[in-house]
Every structure is written in C-alpha cells, then in structure tokens.
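Chain lettering (A, B, C, D and E) follows the sequence in which the chains are written, and residue indices restart at 1 in each chain.
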Amino acid sequence: MARRWINRHPGRAERLFLGLLPFLILILVYATGSAMRLEVNPNDKLLPSFASLGNAIARVAFSTDPRTGVVLLWADTAASLERLVLGLVIATALSLVIGVVNGVLPYVRAGLSPMVAIVSMIPPMALLPVLFIVFGLDELSKVVLIVIGIAPFLMRDLEARILEMPGEQLIKAQTLGASSWQIVLRVVLPQMLPRLIDAVRLSLGPAWLFLISAEAIAADVGLGYRIFLVRRYLAMDVILPYVVWITLLALIFDIALKRFNAWVFPWMEAGRRSA
Amino acid sequence: AEKTDFKIAWTIYAGWMPWPYAQEHGIVKKWADKYGISIEFQQINDYVESINQYTAGKFDGVLVTNMDALTIPAAGGVDTSVVLVGDYSNGNDGVVLKGAKSLADIKGQKVNLVELSVSHYLLARGLDSIGLKESDVSTVNTSDADIVAAAASPDVTAVVAWNPQLAEIKKSPDMTEVFDSTKIPGEIMDLAVVNTETLKDNPKLGKALAGAWFETLALMARDDAEGKAAREEMAKLSGTDLPGYDAQLKTTYLYTDPKDAAAFTRSDDIVKYMDLVRSFSFEHNLLGEGAASKDVVGIAFPGGKVLGDAANVKLRFDDTYEQLAADGKL
Amino acid sequence: MSHVSVSNVWKEYDGQIVLERVNLEVKPHAFVSIVGPSGCGKSTFLRMLLSQEMPSRGSILVDGAPLPPEPTEERGVVFQRYSVFPHLTVLENVAFGLEVQRSRLVGRLFGARRREVFEACGEIIAAVGLDAARDKYPSQLSGGMQQRLAIAQALIRRPRILLLDEPFGALDPGIRADMHDLMLTLFEETGLTVFMVTHDLKEAFHLGTRLIAFDRYRRRPEEIGAYGATITFDLPLDRSSPREKREAMAEIGHAVAGN
Amino acid sequence: MARRWINRHPGRAERLFLGLLPFLILILVYATGSAMRLEVNPNDKLLPSFASLGNAIARVAFSTDPRTGVVLLWADTAASLERLVLGLVIATALSLVIGVVNGVLPYVRAGLSPMVAIVSMIPPMALLPVLFIVFGLDELSKVVLIVIGIAPFLMRDLEARILEMPGEQLIKAQTLGASSWQIVLRVVLPQMLPRLIDAVRLSLGPAWLFLISAEAIAADVGLGYRIFLVRRYLAMDVILPYVVWITLLALIFDIALKRFNAWVFPWMEAGRRSA
Amino acid sequence: MSHVSVSNVWKEYDGQIVLERVNLEVKPHAFVSIVGPSGCGKSTFLRMLLSQEMPSRGSILVDGAPLPPEPTEERGVVFQRYSVFPHLTVLENVAFGLEVQRSRLVGRLFGARRREVFEACGEIIAAVGLDAARDKYPSQLSGGMQQRLAIAQALIRRPRILLLDEPFGALDPGIRADMHDLMLTLFEETGLTVFMVTHDLKEAFHLGTRLIAFDRYRRRPEEIGAYGATITFDLPLDRSSPREKREAMAEIGHAVAGN
C-alpha cells in the first residue's frame, strides 16, 4: 500500500538533494538573468557575472586595502558583529527581565504590558533623528536601535509563553512552599530560557536589518556601511557577496543558538515529536 | 562660550573629500594645534541626518549646500555662519531623461528625485528656463542612495540626481542629460558652516578650518604625483577610483584660490543666487509652515547687506577667514 | 473540633452552577474518599480546598480560620493531569520542595547541602519505585511513572492536608497496592488529613476513613446547568469491619452508578 | 496572610491606572525635555511644544493642503494602508500555503525549509536594486518588500507550530480514514489559522517598518513618504504625530485581529488560563 | 487461521530494549486484554499494532499480510492521553470519521448530507452519555468526558481492530459499566478484534476473551535497559465460568503485582 505523503520521510541523501535543489535553481536563474543583461549591455552592473563577483570578492575579502591596510570584509565584519552581539545580548537580558515580570506578576503586567505592546508597534526608523540625538552617533545609538527594534517582540513573546504555561505547575510550586521569587527562579526562568533563545533566533533577521539601517546612516566601518557606500555606484558585485555573507553569518548564529539550546536544555528535546 | 574641542560632521561628496583627507594626513591637526584647539571631523553616511544632528546641537559645524543651510538650521532657528564657500556645482547636478532628447520632453512625466533638495531646485530652475511650471511634472521622492537602482527600473523615465549617482545613471546608453547645473553656475554651493555663536566666541576655529582647507586644496590641485596620490586617496574614501573622482571634480568648481572664494562671497551674485534659493524654499514651505513671506529668515552678507528680516538673521556669509587666507595672515 | 469545615459552598462557571449547598465537617486526621460521576465537580471541589479557585458563595475554614487565599505548603496536591516540572529530572523534581524550603534566596542548594537533600529524597523515590529513573526527565517516563513522581513530589514537604485527584488511576495493580501501603503508612505516621478523588470504589473504601459522594439530585438534561451537584452520601468507614464495608460498598456502588 | 505577588490581580480601576501610568510618565518626560530645549532655542524643532504639535496636527489632519488640495494625513493614510493590507494579505496567504506544506509533508520540508530559513535571514533592504528592476518602482515593489520582509517569519513560525502539534492527533485522523489532504484541510488548517493570525499580529511591527522603508525610498504619497520628506527640515512637529498615528493604526490592527481570532475560533479561548 | 500474528518482535529506543521476543497469534473476533506493570511497554506494543511505530525486529501480520506501514481506518484507537480534536465540538469530533469517508475532496459535508451524518452520530453520542454536551469543545469537558468522546469517535468508523490504551481509567464506575456494556455489544455485533491495555484486572477479565501480561523476567535495576519485557502470561478466558475466572484472576494478580 502506498503511504500517505505525511508519513513519507526522505532519506539522508534525498534530504540533501532536496535541500540543495532550490539553491541550484536560484543560481541557475541568476546566471541566466545575468547573461541576458550583460548581452544587452556589457557594462551592466545590476547582475554581474560570476567572474566579476569573484574579482570583487578577492578584492574585499582577500587583499588588504592599500589606504587603511586592513582587509575590508574582515574589518567590516568585526565592527558589525560587535554591534550586533552587543545589541542582541542587551535586548535579550532586558527582555528576560521585563518579559518574565510581565508574565508572572499581574500588577506589573497591568502596567507594562500595554506599553510594551504599543512600543512594539512604533516603527523605530521614523524616530531615528531622536535616537541619534539622545544616544549620540557612535556605537551606542546603533546598539540601541537593535535593542529598541527587537526587545519589544522578545518581551511580548516571552510574556505570552509564560501565560501559556500550564497553571498546574505554578499551583504545584506553591504547594511545595515556593515564594513568587523562587517560582520565577526555579520554575519559570529555566523553562523560559530555551523559548527566549528560540525567539532570539527569530529576531536575528530584524536585528541585522536594524544594524544595517543604523550603519547606513552613521558609521565609517561595518557591513551595512559598505553596502550603503557602494550602493550609490550600484556596485552589485560588492553588494551581493556582502548580502550572502550577512545571510551566512545570520545562519551560523541561528544554528549555533539552536545547538546551544539542545545542548543546555536537554529536557526540551526529550519530548519532541520526531520531524 | 570659549572652548577648545570642536566637532564637524561630514558626508561623502566630491567637493568635501579634502576634509577627511586633511584629517587623516594631519593637516587639520597641524592647523588646530597652531591655534591651540582640536577639531574632529566625523563621518555621517546620511546627508540629511548630518544636518539634523548639527541643527540639534550635536556638532559645531557641518558641510552642507547653501539651500539646506538656509532651510534646515537657519529656518530651525540655529544661527549659522558660512566660514568657507568650498565650491559650486558646475555640472555635478543634472536632469536625465530616458529615451528623450530635450528638457521639454519632461512635460507630464514622473520625475524621480530627492524632493526639497538641490535636485528639486535644479529641476525648478530648469523648468523655469523653458517656461514650464512644476505642476507640469509630478515628482516622486527617491532616496539618493537608491536613485541609481531606481533609474535602472523600467518604469522610471526621468531622474534628477547629483554625483556620483548622476555619473552612474548617465552610463546607461538610453539616458540623456538634458539640463545640468552648468546652466545655473554658482547657485548650488557647497559650504562649510559653523554655529555663529560658537564662531563668535572661538574665531580660532574659523582660522584653523580655513588654513587646513586651502592647504589641502593646493595639494590636490597639483598635477604631480603627490597631488594625484591625494586625489586617489579621496577617490578611495568616497568609494570610487581616480578616474571616477577626477570626472566628478571636473564638474565641481572648487575655489582653490582663497582670493576667488573671498571675492565670490562678497559679490552681488551671491545675493542674487540666495534670493532665488529662498524664493524656491518659501514656495515649498521650507522656511517653516507658518512663514508669512520669504523674508522671515534673514540672510546676511559681507558689508552689512541683508536679505529678508534684519531682526532675524540666521544665516551669515562671512568672508573673514577666506580673506585672512588670501592675505596669508593665518 | 472540626479541622476542615465547608459551609454552604456554591461554585458557578459563567452562570452554570457546578456545585451547590456543599456542607462538610472533617475531623483532623481523616482520610476522605470522594466519588461521583464524571463531570460532577469533584476536581472543582479539590481546587477550592487548594485555594486555586474561590467558592462563588459560602466559606471554607481550616482549624477555624478561613482558608488562605492561595495555595500553601500545608496543602499538597497531586493532579489528575500530570503536574511535574518538565525541566527537572526525577530527583530534582522531588528535591524541589526541600530546596525552596532550605534556600529561601535562590531556591537551590549547592555542594554538601545539596547532596544531603538529594540523599534524603532517595528514600521516597525508592518508595514509589522510580529508583532506576532518578536522572530521567518526565517526558522520558511513561504516564504511570510520571504520576508516581508527582506523588513523591507532593509528599516530600509532609503537608498537613493532601489533595489527590485520581492519583492512582494510571497505575498498574502491583504498583497501586504499593502506593496504597505507602499512603496508609504516611497517613498513620504523620497525622495527615487526605482528600482523595477516585473512580475506584474499592480503593475509596480501602483507604478512606470516610467516604463522600457528589451527585446531582436533578438529572434531566434541561436541568443541568441550572442545578449543581452536592454531597449525596456521607459515610464514616470503619476499617476494622470488612462485612459492613462490603455492604456499604454495594449500596454506594448502586447509587453512584445511577441505575 | 499576605498573598504572593503572582496571585495578586489588580482590579478594573487599578488596571486602568497602571496601564496609563507609563504613558503619563512618558508625556511628562517629553514635556520637560521639550520645555528645556525650547528655553535654550525657541525655534528648536527637535522636541516641539504641545502647542506646535497641535498646530501641525490641525494643518495636516484637518485642513486641505493648498498645493495638492487634499488633506495630507488622510491621503497618506489611505495610500499606506492600501499597500500594507495588500502586503499582509499576500504574505499571509503565501505563508499559509508554504508553511502548511512545509509542516505537514516531510518531502516538501526537506526541500523548502532550509531555503525559507535562509531567505528569512537575508536583509531585504540590501537587495532593493534587484527588487526595483524586477518589480518596478511603483506600488508593486512596496507590497513585495512587505511580503519578502514578513512572509519567511510567518512560514517558519507556522511550520514550527505544526511540528509542535501532538502527534496523536494526526494518528487519530489517519485511523479515521483521513487522507493527507483531508488531514491538512480538517485537522491542521483549522488549528493553524488562529496561530497564523497571532503570528501576523507579531509581524505588524515589521510590516510597518518595511512599508515605511519602501515609502522612504520612492513614493509620492504615504505616511512613510511624509515622514522622510519632512525629515529634511527636522519637522518633528509633523513626524511625531505621524509616528503616534502609525502606532495607533498598528494597534487597532492588532486588537482587531485579536478580536477576530476570539470570535472566529471560540475553541481557542475556551481552554485558556485566565490572565 | 490466525488473524493477527506477531512473530519475534523486538523494540528498542536508543539502545534501550523495551520489548523483546514478543510472539502472539490472535484469532479473529478476539478481545485481548493486556496488563502489565507501568512502563513495561504496553503502550509501545499498541503503537506498533497501529503502525505508529515500526518494530526494531520481527514482523506483524494481519490476515497473513504484513501490517500496512501507516495507520488505517481498519484499526481504530483510543489513546491513554486525550486525543480528540480541540477545534471541533463533540458532535463534529464524532462526525469527523464519517465526513472524511463520504467527502473525499474536502472532508466535510454540507446541507442535508451533513444533517444526516450528524443525526447518525447522535446515537453513539447518547450511548457514551454526552448528549448534553453535543456542542461543547473538548476544553470545556472534564477529563472523563473527553475520554468518552474519544471512544465514540473511534467507534464511528466501525474498525475491524480496535486498540484501546487504558480507555476507561478516568471514568467513574457507573459510566464505566455502561461503557463496558457498549463495548461488549459492539464486540459481539461487529466481529471486532480488540486489544485493550488496562490496569484494572477485573475489567480485563470482564471484557477479555483472552488475557496477556507483559513483564520483564529480569528486574534488577542494572539489567533494565539491557533486557526488555515480553509476554509472560497468556490465558484464554471463558466468560461462562466465573469460578475459573476468579481463580485465574487471583493467580495473575499475584504475578503482576510482582510479590
């Protein structure tokens, strides 16, 4: 009997092949588009050939910039990563505190939850001038933009997750004599940390977005700065590798956080339905 | 108040690249040291943001065009002095049409440009020159960073831009430049401005800036290896190469000689140009929504000439430092 | 003196009356077995004893004082549905109650004190037969094992009142008999008062010193919602007389089965 | 006995008061900051007084613009909402289809899931030039930016939610003779719709963000257009009311979607722990 | 001919052996009661009969053919944990099986055909005593009511094999007796083959035509994991002889209790 499709699982090799397929198609589509445009206008910069992409990569990633004596890609990456990690760490720590008290304490929730909900709706880009004036144009404002951009989401998600916890667990902890503080520390926090990290994974995309936007406005080094700088020359041969590189970095973060979760919180995995 | 540390915001633009070069090569420091002060040039990517930051008081000075100096800090009540008139756009701004030959073809088209910027001014002047009105076209506000890509988009037919974007746009074979700033020489100026109060309390700042500026200009104007090396570096800093940068310089009229700069600042032309600019600004509500006439913001020129409200002078063209440089008294 | 005193308690949910006119006086050191048809409000009654929910009307007193408005360590509980902490191992789940007692600040012990507490927990873990699973997480246990864990966890703080909601429903007869023995030993040793909901009349009789049954007097479908269940039987059980017990059992069984 | 803080619930009036408190504080902080700046420079534009905010609001919201003959705020709102709603609807529909097949069919998941994860990491702003060429510079590209910005998140969230469903339900459906298609239609979809709408609520912030960014790049009407246009002369008296208005609109969307969920999917509410 | 044939089945999880050397031949129209200590693998065995999991070794045949590799409508199930659809009312939950059968395309009926199916479901809903709750959602039902719903839902497609995992554990004795009657009637009428896991020996004997017990031969803690459980008792039950039944019950009870 033929199995239902929902019960058919691809094997290892099949999975690899299927996973790569869309990327192969993408590369093919790009190559075709690029060739077509270059045929019409050999100087077209929008979809450069793989050869010029390679040249640009060699220039930015493997040779030192004669003016500054650094390899551009690495200098940019180091600067951006520092801002990103700082922003993520601060946002996560802040959200953990506010998300947990919001989820656990009805009085705090009544006060802060509507505020957080509303702040999460404010488009931070529109307030950039104010941000820059309050936090200066240096590293701080870039980190703050990331924090303002993702923390409200993290807080709301955490609050919702805590409210989804089976009420019995909190009752049970109380019957074992735990105080509010102990319940937070020993019941809520440990169960919420892995969820928070999952939420941070979902926030990686937005975090990069905010970082790039901040770097586009005020910076003299960074991945977003470089993209912005060469954008006015439509130097897609630099932009595309940078975008791929950013995506790759984000992906590495994502996978690292996932691994970290599975490693530090084994009880999460123990109960999962196999995929 | 008297102080010793000053911050100036700069953005990438052909006529302003001498500043970061001067900073990196110690020319700024040399002159600042001479007057016992320190000057830091900080790069901002977003041009409007740099002016906003200056207006909000985060910087003592900024590199800006004449129109933006009038409409942003001056109209915002920040009394601003022009220390140096660095250059004027002499082809650096242009109107480009896709598949059309003359400016008259623009009628009825959608024009992509940075609204309320010098591009907008250029367009207005261009339309004016052939008897069209602004209402004969419709404008689409387009970010300067993305205007090259926008121009490549199939549904965009008319663009106003400045360099280096303009040069990129013109590279496309079906694009024709139909009007540019060589037709309105001197009207679009690139300035170094400083908060008037700060300058009054610290004239040393003006002297140091003028000294560093003209030394750097002299260096880059040289046709020898050193001059070329300087320009090459400026090219790198602005994200292009030497030929690209030289091409941009060609359409930028730099006042290399301080005497010329001082003379232009004192001329009647500049009053005429500023009157055109303030008329445009007023018509586009740039002098404040409540402004009753184009006279609300006063503009002062050397020799006591004033355009507009003399009791509310917020933009002052000051030839003192250019003249000191010309006289070799720095 | 009566230990737990329930007077004229009503409970409604959104206008639907679940329990009405519940009156009950329980002496200290009683083992109250609670039976009744499914959905009649037994769990609801336990939740009120736990202060998890408030009666809509009426009052509940313990030792003459009103029930604290929230759950306390004096009233332990084992829920019908699994209620152990998923992020703690078996051992940690059991130790939880002692850890929060001895470390008010962080609710967690370290070093020698931790080892000491963990050792103290070993006994009860062995008593519920989870010795081999000390370091497993709840999701790695079968349903019955989870429930045994919940029982061990609730007993560790030696509550004065223990509330059990079908605690042995998922256990096999062998383990269940062991748990019965454990319960009875603990009950005798500690002077505990127990309220236990069960569907197993034999168990109710075996463990209880008193048996109460909840039921509705009105059973027609259109009346449900307008009238709640209440205590319809209330029998003291004397453990020493098997014959009486058997007779009472037959009577109750008949009544509760509703036919 | 004093109750634990986790068990204390504020009353109606208290909740209202607590909810408003942060906003009152915010207004107070703003008023102080504004007064301080205006004392130094009466023409300061960064933090305008409430009077000038009022004037600006009257100008943009209640009187027709002399140049164009429309009331600016309404014209901008209409244009932006049209783009936003279109983007949200398309993103939701797309995500529903892809998220569900990804969650339900292991073979599709093997192919698409990695692609979706990677696409979700790409900062869409950096690829704008390509978007412009492919989708033009008009309405379409703005809608597409919203879709590209939020759809990957929606897809990933939906996939994860489906994988979290108790496996017993799918087994049960199979023992009742349901085919893969019927399981999708009758078991998975109905349970996922409310989750998807919850995810859309979380995406409202990003959706506005992308809309505003798109309007900042090329537009002649719209809330984001206006904000970036008047930013040229730091007209915070217009920007601030616009930001408040955008936040309010987002909030109304959020509440409307929440109500919609509770109304159309009553079974969701029936089991919730009371807050 | 044997209907269900299990030969030399092993099941491991991550190297831990849960079941080993399970052999079983079941004739058509048998009611197999399965007992055994908690955690010994009874649910695991049912899951394999359901094709929810595959044996690590060995094979299972039905009517001589290997088990289909996935659950089918021929094998109904009631899980130990609640497995009704939370987004459907009681009536819709029961009608689900019929709707997907009669409307292959959308799995849903409309108009007259829908009314007809819903009416057909009324009977079994009444039989499990949920008449008053037809339009409630599962989260509004008590645990026992949910389980009764699951039973009604599983019976609606009249499967040839029915797998029950402690289906009556959460029911009160009255309802439970009704459910037993219902089960027996259905069993007799339809020629169903039933596998039922239970912890209640009385129930196992009352319903079963055959009783099997799973257990480990090795019980020392260090051996668990290395050795799995298997079938240790296998008794045909003759419903007509109460005395034999009582004797067998005592014997098994002893053995399963493990002491």
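Observations
The criterion applied here is as follows: a residue touches a chain if its C-beta (ideal position, glycine included) is under 8 Å from a C-beta of that chain, and two chains touch if they have at least 3 such contacts.
Predicted model only: the values in this text are computed from it and were never measured.
Contact with both subunit B and subunit D is made by A. Between the two copies, subunit A and subunit D, the Cα superposition rotates by 180°, quoted to the nearest 5.
Put simply, the C-alpha centre of subunit A and that of subunit D have 18 angstrom between them.
Taking the mean of the C-alpha atoms as each chain's centre, subunit A and subunit E sit 47 Å apart. Residue numbers of subunit A whose C-beta contacts span two or more other chains: 4, 7, 46, 129, 133, 166-167, 174, 179, 231, 234.
Residue positions 70, 81 of subunit C each touch two or more of the other chains. For subunit B, the set of residues that touch two or more other chains comprises 52, 56, 146, 148-149, 152.
Going by the touch rule set out above, the chain pairs that meet are A-B, A-C, A-D, A-E, B-D, C-D, C-E, D-E. For subunit D in complex with subunit B, the residues that touch the partner chain are 41-46, 55-56, 59, 128-129, 132-133, 136-138, 216-220, 225, 228-229, 231-235.
For subunit C in complex with subunit E, the touching residues are 35-39, 43, 80-81, 131-132, 141-145, 148, 166, 169-177, 199-201, 221, 224, 253, 256-259. By the touch rule above, subunit A contacts subunit C in their complex via residues 166-169, 171-179, 181-182, 185-187, 190-191, 265-268, 270-271. Here subunit D touches subunit C in the complex through residues 1, 3-4, 7, going by the rule given at the top.
Subunit A contributes residues 4-10, 14-15, 18-19, 21-23, 46-47, 104-107, 109-115, 117-118, 120-127, 129-130, 133, 152-153, 156-157, 163-167, 170, 174, 179-180, 183, 202, 204-206, 208-209, 212-213, 227, 231, 234, 236, 239, 242-243, 246-247, 250-251, 254, 273, 275 to its touches with subunit D in the complex.
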